[in-house]
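Once you scroll down, you'll see the structures, which are given as structure tokens.
Okay, so chain A shows up in both of these, paired with chain B first and chain C after.
This part shows the complex of A and B:
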């Protein structure tokens, strides 16, 4: 735990010292808030964050891979991973520290979007509990994408490859949960197959929580999904560490 | 050397591939275990509805109705396979199936769902056709073919093997939508006996002519949800027969031209402990196509009636002032969303920069009671020229009360909406008072006011016309509206502040209005008596003549008088003796408007022209029926009004009278700046933070370099 905290601090600092994080943050916030604010305040005229949370997964899909691509690949490229591996800490702690730092950074960016619900609350009757639930879902969803991105970053030393592979995998996972694609699958998969494929996607579970229904199934899914990729990440690193 | 390397590389390679295999197996096993955990979690799950209006949770209504089922409810679900459904319908199927599963769970064996696939078996498809379950034929297109697919999504409820209901096509978009359709259907099949309600109505005369249909109050009575649970019987008998003894509730829609006999019938109904609901109006205004609002003469008491209906009501404790009311409080006569729903009250097409738009015309004769405690506005109302009159404020605080002055479940949904149903040219219906503010109810009678206007109400005798629009072009009409409002404003300045009661509930053991007086006779009795009298006179005359002349032989006497020797028809049962005092507690519910339930207003016949349209009239009528029947089963469901989450960027009251253009400009300005602020502030904050971090880092670096040098 202490080791994780040390890594967490180091990673978080590196995020805030790096200009990329700010470029990422400004772009992410600019695009997300502009479209969501236009949709809610001008077109929608309803005190609802549906537009915001409808767009968020797509933007996370685009912005998370560039954020996570450097987590292990850069360490490997610059050789600092050797130093990190000699650090007397469990591999899992290293993975957890990096993962938490990425999620904390995304959480910080999400906090900066709170102005929109506050505006909606000031001019209308915003239903706050589902909004809080949706923010929680966003964090879990972002965490899932970070876990996947970090895993693919651990497989290669090339950041661009890591980014492209995770972008592809995340896009597939995102689309699997989209109801439109489920319709296409129906033509050549049995119903149980479609349900299985559909059930793999974090998007499906995100949608459920974001709608205002907090289900233990969704929370268990997110825990398992993230746990799986983080464990696989740790396994890859452990394998590399023992291999020398 | 090479061969030694090769021999060493072999085991290493094997070890590496073994390790990779181990990792893969490890990962696969983990995936399987986690998959199992997710699967188990989906089987045993807990669900929390975070929405404040609980729109994704089964309401108490559904639970109560299912709990009360004493026979088995079989729900036959005629569903074609889900995997063949188009994507947009899959969501509704999921919602429906989840809801049916929930019903089975809360039914604890009393609810059984049987699924049939009409596409699989022609016999089932034929049965669907017989049951009038409608298929959904959708065209599907692929690169090589074009076909029409038939989908089924209908339900049939069979309760106790007998009563049934068919829902031909169910496509609920949400849990709430499914519940609002299915729960009343269950209630309907589980209702053993319809509750009987009598009514008398005096249809709206237009231009002096009765319109055969469309301007009565029948539209709501024939709504499926109501007609399946309540049996309405027209009891307006021209001969004035007493009402059946088993009748508990009687509705009077805009009573007028009442004869003494009709008043007696109503009186005796109350003496037997009946509940009388009166939708009263002081006048009748014709809504002509050009909405001229001209008064059609209304006389409450029929010619020849010696007793006044107003006095009769006063005898029971009700003070009805047949005056027409106008509420000058802007929020009372403004539609909830006047930019888009102006047709609820009155709107006119106006040319704006955004094209021809309906703009609301403030018309205080159409208003609603507000769910506001007006006593809290006492200070504001007692302030004149910036000075607060403390005594007056104290008097107002005592005098004024809440607009919806009742916590009864009838008002639950309306309290949420923040107002009662809209009334159109309403009238003053209060409790009898001996002095202003001093209620004077008869002994054994209790009463309460349930709805009130705002304290800014004006009362007047119904004028011949209440037309704010006039004729002519747009300019002339605008001038006419202005003049109309100016007149009202002048009256408002000169008249004292008062709050008009709009609905009262009076109950107890009433004393008969006809106590000590002779029972008014039925028209047939009067006719009979007159005939008898005429016959007696004729006989007396004949006898007098007979004395003077010789009696004629029988065959020369001519035909016998009409009813002298004819066989007598079935005689009406002798009427019960008049009751001077109530045998059982009776009840009168009097509402100062009947227009809000009128067919044309409920159906929205005038929407196209810009109103009026009674948007909440139907909801009120349904709630009223359940409230009178003390049937709370559907209460939770009916009161589940989705909260209005509309954004209010511009204060509608701040915009000069109904100018859509100004409102639109103000709206655009506000939203533009809000969008700019929402985007710019976080982005700039983040950029500034980054810049500050950079400066700090640079300073740290410099000081580090300086320390080195």
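This part shows the complex of A and C:
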């Protein structure tokens, strides 16, 4: 636990040492807020965050892989992983520290978007509970993507490969839960098959929480999904010790 | 301090370590010598807990490196090959990070970092980003991070490779100073490094230990390949007599001084002791013998002899 915190702090700092944090933050916020504000900060319209949260998953899909591609791949490429893995810390705490740092960074960026609902709340009547729920859902959704991105980063020493593979996998996971694609599946899959495929996608659970219904099952899903990829990540690192 | 017992490591089909055994006592500075790919780095990676062995076992301070990995890691300071560092961090920040993850208690951290900075001569650069530093300074940062938690054992993988001659001398001095307080295992392919800083040499070749002992022991173990004789006599006569009476021992002229000539007689193919036979020749012909002794092999000869052949000849001390 203590080790995780030490790693967490170093990782988070390293985001802000590199231009990544700033470039990423500015682009992410710029695109998101511009489009969302255009849709919702219009006189006479209902004060709603729907446009914002409708766009957020797609932006996370595009922005998370470049953010997480470095986490292990770069350590392997530069060789710092050899020091990292010989510190007196469990592999699990290293994974947890890195994961928490990425999630904290994304959480920080999400906090920076609070200006939008605050403005809406000031000038119109904003229904806050669903907004709070949607922010929570966004964080869980972002965390899931981070877990996937980190896992694929642990498999290679090439950051670009890590990014492309996680982008592809996340896109598939995203689309599986999207109503558009679910419609296509209905054509040839039995209903239980659609439900199964649909149920794998974090997007489905994001939608469910973002709609304002906080269901324990959704939380359990996110916990399992992230736990699975983080555990697999630790296994990959551990396995490499025996393989060399 | 370190006990290695029939350690084996296989990468896929390649056997990197074929059961090596050695032990290092407290306070020793041991040099691991060997050609590239001999198994030096692999041994070090197993000792530090980065890799798991395929067979055999190793202990540090009596603790098994596999079962008690975390406890072993606490006792080791490690500098991997090519000195990987987080280049985007400042020197002082990086050392603070290492001290913390290495478990130096909060109240001792500041003094531990100050000690490492002082020992490694980093005072002037603590506020700089690591990527700004020259290779020599980076190497010092690498050494500083290895000693910041005052580990009893230091494992340094090629600490001087890639440095210029001045930097090599500096780093070597630093290692000598560290050797006063730590048990050190270092790998290198510079022979001078071993001669200068190590109390003991282990030569590794193709995953096996081919020699283990102090520098003097290793040199003595190597039979001299030649007999050197300085004789005052006509050159042609000496060469002719030697060829005739010392069969299998080609004689060559090493240098011609004023009046005397230094010959080298190859004794590797000799059946009888060559010294006696040559002495009889001298007496019989009435030459003046000025000097007669065996060639003194250098550590380099020992190293080349042990590692050039494809089948290592095992000469354990």
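We adopt the following convention: the second predicted complex is superposed on the first by the 239 of 244 C-alpha atoms of A that agree within 3 Å, B and C clash if a C-alpha of one lies under 4 Å from a C-alpha of the other, contacts with A are read in each partner's own complex, and residues count from 1 in each chain.
Here is the rule we use: a contact is a pair of C-beta atoms (placed from the backbone, for glycine too) under 8 Å apart; a residue touches a chain by one contact, two chains touch by 3 or more.
Only a predicted model underlies this, so the values are computations on that prediction, with no experimental measurement involved.
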Which of chain B and chain C A:3 touches, first, second, both or neither: second
Contacts of A:17 with chain B and chain C, given as first, second, both or neither: both
Touched partner set for A:126, first chain B, second chain C, both or neither: first
Residues of chain A touched, compared between chain B and chain C (which is higher): B
Touched partner set for A:90, first chain B, second chain C, both or neither: second
Which of chain B and chain C A:227 touches, first, second, both or neither: first
Which of chain B and chain C A:241 touches, first, second, both or neither: second
Chain B versus chain C as contact partner of A:82, first or second or both or neither: second
Residues of chain A that lie at the interface with chain B and also at the interface with chain C: 17, 243
Of all residues in chain A, those that touch chain C in their complex: 3, 6-7, 10, 13-14, 17-18, 78-83, 85-90, 241-244
Contacting residues of chain A [partner chain B, same complex]: 16-17, 19, 21-22, 25-26, 29-30, 33-34, 37-38, 41-42, 44-48, 109, 112-113, 115-116, 119-120, 123-130, 132-133, 179-180, 182-183, 186, 190-191, 194, 199, 211-217, 220-221, 224-225, 227-228, 231-232, 235-236, 239, 243
Chain A contact footprint on chain B (complex, rising order): 16, 19-20, 23, 26-27, 30-31, 34-35, 37-38, 41-42, 45-53, 55-56, 81-84, 86-87, 90-91, 643-649, 671, 674-675, 677-679, 681-683, 685-687, 689-690, 693-694, 697
Complex interface listing, chain C residues touching chain A: 9, 11, 16, 42, 45, 48-52, 70-71, 73-74, 76, 78, 80-82, 84-89, 93, 97-98, 100-103, 145
